[in-house]
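You will see two complexes here that share chain A, one where it goes with chain B and one where it goes with chain C.
Our next item is the complex of A and B:
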């Protein structure tokens, strides 16, 4: 099978990327999805709050997904359900080789000009937190519990403690309460929540669920099924403080301790990952260090809002389409031809903008990372968006941006928190007009300066 | 209560009990294995280092020394016959002190006396040339090329399955509560059933003393010695190729750093005598200690790559040797007790040794129809492209990936459920297929495996357990409790 663009993952990122690529003129687009249906994790997010930015209305997760799925169906963009990609390799003629498996076709290879990575992320498991204690049934990631409750209508337990105040944990505190469980506490290792402010108010405060900041689980009791957990307060080095232990009887421990972009395929392909995000480094086109491989959504960096995922993915889709146009010399690749039989499957090796030395984006003083991390000046949009996260809670500070060493922006920020993704925009003219621009630096500073 | 009569009843389906049962099945005997848990390999056999010790550790002329060396020599052939993962990766004992050479020399001599072949003493630089990740602190080392690693579940399950195929009856969820001597045999009471056998083999791990003391006046006392481990992501498995031990010292004894047969990195175990024989919980102190001591062996231990931690209990007996043989005052009651390290390495030899003891006292005729070979579950993750295509062509479920981290397919899980002594629990599927053993630790695949188990065993997902009674995953339906209170 031969394609222009293969999109790995049919969640919000994959869907938006597919639509934008189609609109930008890509012909042969294929979405590969491991589940039965498109929509990704949105299908189990039955709470509202999705789409405020994109549609100016509050939708549930499935409703938000449906808007994209309907368009994908209308555009007749094909997708392979229940299919898992097991490898992405680089072919001899500039093509990418995507190896996948499903029950219908068995093991097969898809040859494609471009790949868009949209695999999303997964939840950090108990093991990665190295929580001591027994290993009974009754310990779930918040997302697994969400799936049981929202898709299967089944309760994972009745008396719940949640570790971690990420958004899914907060949402699940409310959901479990609404379905008849007692949520006894939400413990958070950090002195601040990792979730959105609105979720803390609507999911915990409104239900009287205590949020214990600077607390963690230090022991799990129960040989077969969870019987309780011990919480303890932690010091500034996040070490439990002796004497602060408190046993809470419960039958379930939910973990909402962070999300990890799912980059096994990317690593095997040789894509460089940013340790701050665990996602690929990308340029303004959402293209990774490997030409023709793009990334968007939570596989790139973990988002708080699906609206931003869609926006970013659309940009990735558009750029991927442009890449295919240039690489394939503006002619569509031969559809459905087997490898080696179509002479014009060969792609142009040199993509013009990749010859250019890009401007480097530097995350400094309080800024953990930026997306993108490089800019090719010839490719930036009329308005270039830079998204970033900070490394701590900051109050009454200034976001400063420097072009080389020249300050070009100072924005007052009342509160900045790691749980809220931030962004800053620059007009293309402003960037292009700066002489010999090599580096753009983002910093959090105390003084307006 | 119905009474089931056998020639031999083996109590405990860990690696020792399973090895004995399989060897006994080579003769014409009616054999039963009684196991308290819901699956085989649920006690000490599932939570240990997975090491096939070369055999230089044990004092010469002990059963530990003899059976370890024999077992290690049998392991390769057995791994082919029974299709489980084994690799001779070599063991290294490192010394951080210049004068450690004397102790290494002692181990070397002991090894030679025990019949261990190919031992070598190396300088710090020589051993670092072999294992570049070793700490610069290492001054000298003992290298044992015959040391190996094995999948502990793979070995245990293979032995048990093969025994079952050869007619051994396994009774799971069957806890022995009482054993009484009767004329010419033993009455064995479990919660559900009564058994009778001429010969009893006591392979009950940390509980072997309790069972022994039911029939013998010569008291046995077994202490549960807890060992805690941290397991790291497959990304780190290449850090060392060999198993790295440290010379016993005041600071540490027995904490090793080793690759596993599946390519993870394992660090542990600690050693702590505990009162609770079910105390398989990890502790903050224990895990910290395992990492601290283990870290000394290598330049940099990748602690950020931990994917899980666990604890196992070794059955420690004061004599420091295996207690194997017929109880002096209980005819026909054979102990396989105190099977602490190197119990796993010795298991194949223990099976033969115990079967010979029993044969000498209670002879049985040979049988011609013993099936020695077993084919394991196909492994898509390790299969070549051609093998994958062939498996899928035979059965499409091999193209449906259930566990992404370890690339385990529905076909493998179905195989695990439907083979002899098949999996009935999530942990059972995990130990047979590795579904859930990867970096997400079953976060993604657990609900899918539970669904497959329910479908195949004709149960509701609410009845499926992690590891037997009391370990269900679900507790009723949404709003159930609320409608009752409104």
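Our next item is the complex of A and C:
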């Protein structure tokens, strides 16, 4: 099987990337999806609040997904359901070899000019949290509980404690309460919540659920089934403070302790990952260090807003289509041609813009990372968007941007929090007009300067 | 004069609103960055409302449910009653987005609609 673009993952990122690639003229696009249906995690996010930016209305997760799925069906973009990609390799002349597996075809290889990584992320599991105690039933990640309740119609428990105040945990606190469970507390290790402010208000405050900041679970009681958990306050080094322990009887512990981009495939391929995001470093085209491999959505960096995922993925799709055009010398690849037999199937090894030295984006003083992390000046957008997160809660500060060492922007920010993704935009002319631009630095500073 | 600080929940920006209500009941909102914020502050101070999302059962099927929402925001104090009403609802497949599963949820005058198309 030969393709122009293979998209790994049929969630919001994969769907938007596919549509944009099609619109930009890519002919042979294939979405590979692990689940039975398209839509990804949106299918279990039945709460509303999606799509305000994209559609100017408030949709639920399944409704937001449906908007894209309908378009993908209308455009007749094919997808392989219940198919898992187990490896991505590099063949001759930069061609990619995607090894996949499903029930009908067994193991098979898809040859493609470009790959878009859109695998999303996973929840941090209990094993990664160092909670002592036995391994009783009744401990779930918040997302697992969400699937049980919202898709399968089963309740994982009746008396709940939630560790971690990530958005899924907050959303599930409300959902379980509505379904008749008693959510006794949400404990958060950090002195601030990892979730969106609006979710604290409408999911906890609305139902009088206490949020215990700087608290963690120090013990789980119960051998067969959870019987309760012990919470304790933590000090500034996040170590439990003796004497602050409090036992809470419950039958279920939900974990909402962060999301990790799922990059096993990327690592095998030799893609460099940013330790701050656990996602690939990408340039302005959402292209990784490996030419022709693009990344978008939560596999790139974890988002709060699906609207931003769609926007970013559309850019990745458009750039992947442009890459295919250049790589194949403006000729679309022959559909279904055998590897190496069609003249049109031979890819150009060098892609012009990759010869150019890109501008480096530097995250400094309070900024944890930026996406993208490099910019090829010949390919920046008319309005180039830079997304970033901060490393702590800041009040009444300034976001400063420097071109080389010259300050070019100072923006007042009332509140900045690690749980909320921020962004800054630059016009193409402003970036292009700066003489010998090598580095763009983002910093959080106290003074306007 | 009554003064309340609240966080707007319309979108993830989470603007910090200051809502003031004077003796005559007149409400003024500041701190919002869009008209939706002003509207939210006014409603939240006087008669708070929420869109309720939940699921309903599928007739003669276990292990799968259909997601639904109220077609418009309902008064916060009616949410419990709406959940009770939804417990009694069962639908038959297939369903389409927008199919009405409950006409008037707990006397709110708001209907409850399907949010995901599910084939039989």
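Basically, the second predicted complex is superposed on the first by the 449 of 449 C-alpha atoms of A that agree within 3 Å, B and C clash if a C-alpha of one lies under 4 Å from a C-alpha of the other, contacts with A are read in each partner's own complex, and residues count from 1 in each chain.
Note that a residue touches a chain if its C-beta (ideal position, glycine included) is under 8 Å from a C-beta of that chain, and two chains touch if they have at least 3 such contacts.
In this text the structure is predicted, and so the values were computed from the model without any measurement.
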Using the superposition on chain A, decide if chain B and chain C clash or fit. fit
Tell me which touches more residues of chain A here: chain C or chain B. B
In the overlay, answer first, second, both or neither for which of chain B and chain C A:11 touches. neither
If you stack the two complexes on chain A, which partner ends up touching A:197: first (chain B), second (chain C), both, or neither? second
For A:51, is the partner it touches chain B (first), chain C (second), both, or none of the two (neither)? neither
In the superposed arrangement, does A:158 touch chain B (first), chain C (second), both or neither? first
When the two structures are overlaid on chain A, which partner does A:206 contact: first (chain B), second (chain C), both, or neither? second
Which partner does A:128 contact after superposing on A: first (chain B), second (chain C), both, neither? first
Quick one: classify A:60 as touching chain B (first), chain C (second), both or neither. second
In the overlaid three-chain picture, which partner chain does A:144 touch, first (chain B) or second (chain C), both, or neither? first
After the two structures are laid over each other on chain A, how near do the C-alpha atoms of chain B and chain C get, in Å? 6
Both chain B and chain C contact which residues of chain A? 149, 152-154, 179
Residues of chain B that touch chain A when the two form their complex: 230-231, 278, 280-284, 286-287, 306-310, 385, 388-389, 392-393, 396-397, 399-401, 404-405, 407, 409, 439-444, 446-447, 461-462, 465-482
Taking the complex as given, what residues does chain A use to touch chain C? 43, 46-49, 52-53, 58, 60, 62-63, 66, 149-154, 178-179, 196-198, 200-202, 206, 304-305, 414-415, 420
Could you please specify the touching residues of chain A with respect to chain B in the complex? 34, 82, 84, 86, 101-107, 122-123, 125-128, 130, 132-138, 141, 143-144, 147-149, 152-158, 179-180, 218-220, 223-225, 240, 251, 264
The chain C residues in contact with chain A across the complex are 6-12, 14, 16, 50-55, 57, 62-65, 67, 69, 76, 79, 83, 97, 115-117
